[in-house]
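These notes open a run of structures that come right after.
You will see chain A twice below: alongside chain B first, and alongside chain C after that.
And then the complex of A and B:
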């Protein structure tokens, strides 16, 4: 079953889905946006699940990644794919500035990261010489053409983002299985007990923060080259964080695929259904969804479905007897 | 130059009084339930919009809409408690996410009911100027709510120190189980803390509607400000929260005067981070050992 899962996902991601939606640019762009948010949700979940820390400021890393990549291509003339990777590193480096916040717990950590996001946004607005200020940056270079596939096009962008998020899931899976991942999981149950047996908890938390910031920055860099336009209020918008949290909680932030599935479901349903019904204030549904998930199924949708199917299987097995 | 400093400090102190009201509500709830209510700023904003509707539909002065605002916001605040109390597992993390979601709901509900336009009171008295000592300028409403804020904070302090329910609230905040053994009903005390937080939010909301402008996205900023102030003050000190509020007000106003209004939020955030990182227990809080 598990061995079949990975090829099935790959076939679905690279063959079935592109063939099904190719030509429908609107749907493709919605899916790309959903996967971008899914990528942030995944980065957020890494910190939330393994580090045990809720961040309300992942927009900070997303925004820094997008500005870094845009500026590297425009001002330094770097190739797009290289600067995207480097932008992830810049975002990871920026997370070092936020590390003093790691001493803080719970709400203090969550809101101090938010403060960093605000500070970065204001710097991006005020440092006009570098970032162009509130007017933003226009005509950011698009993704290149590789082996006959134009990555800058709608469907090309889809292939890039889907590759990025699948790679992220892979790396996440490796981290979870590593001894460090195990130590992080143990930390979630009791940080003091974990420290006692000799785990350097602060070091591991810092490591997760860096990895999480790298991925969030990478998604920001992709987004900058995909939409070719940036401004501070957009790049550092709080809704990158909100949507990612909703997606992660909805899909199940302790699972591997939950954040991605959550992002696809939440974003597509929000854009296609709720936005049509409620043109203004449709995010109210997202808030309600978040509240309902926390109250009724705090572990998220994917574990809930797994539980239900298990129950059903048990029932059919019982009926057979 | 001295006039500029004096004026900024004066405006900051006046703003600090109602900042303190917002922060006290947040701190009160944190004390009894160990929960940061991320929808608290939205409660304040709700009170402001109730005052707006009362003025436009019922032709009431913002001050006269206080009972209505207290009723609406108090009940909403208690409803937030009702939802929060249902969380059993992983309370610290889940309560943050739940109240964050409730904040999103309230912001969008306000957007849907009252639209995205900005509003302020049209009763002229509130915007009329008074000049103190030929030097300091303020609007009537700013001075009125500055003083009212001080009175309410003093009243709250007295209530927490001297009355039975106030003491019960502090008892639950310091040790829930011990308080229960002494015959205090912790649930009732928690509801009480949310109700009082709603009352404080109502006064602050009407102050904002009278002296500033309101718009749907403001709630989130108010929550962040309130949190900054509680961090500045340290937990468990009512006068500390008042001073923290005034400190933030003064720093913000000085930044606007000396640099630019674009940097106003930045100043607050930097102050917040510095205090948080250098003195995690706040300027006026007691030092508490971990674990």
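And then the complex of A and C:
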């Protein structure tokens, strides 16, 4: 069953979905946006689930990744894909500046990292010589053409983002199973027991922050080359963080696929259904749904589905007797 | 190998460990006894880093432990089994040992993990959730296993035999004796049962109200009038 899961996801991601929606640019761009948010949600969940840290400031890493990649391609003439990877590293490096905040717990960490996001946004606005200030950057280079596929187009962008997020899930799976990931998981409820066997929790949390910032930055870089323009209020917008948090919590931030599934469901349903019903203030429905989810299945959608299918299977098994 | 000098730990006004001084030789098996609240667990905590002493020194094989953060002390050779078993939550039994080995011993050695599972008779539970699926004896065995996985020089056992019935206790004692020899450990063990202590430990320390009131062979110590008084509930002289 689990062996089939990965090929099934790949066939769905690379064959079924593109064939189903190709030509419908509107739907493709919605899915790309959903997966972009899903990528941030995954990055956020890595820190939240393993590091036990709630961040309100992932827009900072997203924004830094966007700007770094845009500037590397425009000012230094680097190839887009190389710049994107390097932009992830720049975002990761920038997370080191936020590390003093790691000493803080719970809401204090969440708030202080929000302050960092604001600082980075202000820098992007004020450092006009580099970033173009509030006017932003136009004509950011498109994604390239590779083996006859134009990655700069709508469906090309889809292939890039889906590859990025699937790779992220793969890396996340490896981290979760590594001794480092296990130690971080154990820290939640067994801090003393984990520390006396030699685990340096602060260091591991800092590492998770770096990894998480890298991936958020990578998503920012992708987005910059996908939409081809940037301005500080957009790149550092708090909604990159809030949408990702909603998606992660809705989908189940402690699960592997939850954040991605959450992002797809939340964003697509919001844009395609709620927006049609309630053009103004459709986010309210989303808020209410999230509230209901937290009440009825605090661990999110993915664990809920798993529970329901298990129940169903049991019933079918019982019926067979 | 272990030198403790003038160690004092206070909680507010309470002196839980009071000016304790003793040495321990390599390969020694040291019993630590004393009435409830005497400071035995606190002494262990001070050695492994979970309690911060107000004064005194702790040296393990020439290294000053008190200047090290907790996570360095496991690498320095301290292995600790808790009085109340503390499995690492959300991890399986094998994962508990793996994490302890990776961080406490600084290596990944799957064969050694299997060996520990085997010696501690945890093989059949290796892939089960450590926090929810172990019987008491197994929880105690995992407690010892986590400490052993860090490849300690000094194994500190805090009442790992308490609560086990007679046969379970005897079997577990044999297991402890086996691992002690196999891994050439020095052992410090807290245990209330005098018969067990007498069998296991050539040397016994007695704590009362945080103070070290006796240090000698089980015979000497358990016939010491002050020790007898401390157990019958008297205030220290």
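By definition in this document, the second predicted complex is superposed on the first by the 320 of 321 C-alpha atoms of A that agree within 3 Å, B and C clash if a C-alpha of one lies under 4 Å from a C-alpha of the other, contacts with A are read in each partner's own complex, and residues count from 1 in each chain.
Just so we're on the same page, a contact is a pair of C-beta atoms (placed from the backbone, for glycine too) under 8 Å apart; a residue touches a chain by one contact, two chains touch by 3 or more.
Please read all numbers here as calculations on a predicted model, not as lab measurements.
So, A:112: does it touch chain B (first), chain C (second), both, or neither?
first
Once the structures are superposed on A, label A:242 by its partner contacts, choosing first (chain B), second (chain C), both or neither.
Touch status of A:242: first partner only.
Tell me the contact category for A:20 with respect to chain B and chain C: first, second, both or neither.
Touch partners of A:20: none, neither chain B nor chain C.
Using the touch definition from the top, say if A:192 reaches chain B (first), chain C (second), both or neither.
Once the two structures are laid over each other on A, A:192 reaches both partners.
In the overlay, work out which of chain B or chain C sits against more residues of chain A.
On the superposition, B touches more of the residues of chain A.
Quick one: classify A:278 as touching chain B (first), chain C (second), both or neither.
first
Check whether A:200 is in contact with chain B, with chain C, with both or with neither, and answer first, second, both or neither.
Once the two structures are laid over each other on A, A:200 reaches chain C alone.
For A:146, select first, second, both or neither according to whether it touches chain B, chain C, the two together, or no partner.
So A:146 meets neither chain B nor chain C here.
With both complexes overlaid on chain A, does A:183 touch chain B (first), chain C (second), both or neither?
In the superposition, A:183 contacts chain C only.
In the superposed view, which residues of chain A touch chain B and also chain C?
The answer is residues 192 of chain A.
So in the complex, which bits of chain C are touching chain A?
The touching residues are 48-50, 69-75, 78, 80, 82, 86-91, 95-96, 98-100, 102-106, 108, 131, 146-147, 149-150.
For a test of understanding, state which residues of chain A touch chain B in their complex under the given definition.
For this pair, the touching residues of chain A are 48, 52, 54, 56, 100-101, 103-104, 106-108, 110-112, 114-116, 118-119, 122, 125-126, 192, 238, 242, 245-246, 249, 278, 280-284, 286-291, 294-295, 298.
Please name which positions on chain B make contact with chain A in the complex.
That would be residues 36, 83, 86-87, 89-90, 92-94, 96-98, 100-109, 111-112, 115-116, 220, 224, 227-228, 231, 262-263, 265-266, 269-270, 272-273, 276-277, 280, 291 of chain B.
Give every residue of chain A touching chain C within the complex, in rising order.
Its residues touching chain C are 179-180, 182-183, 185-186, 188-190, 192-201.
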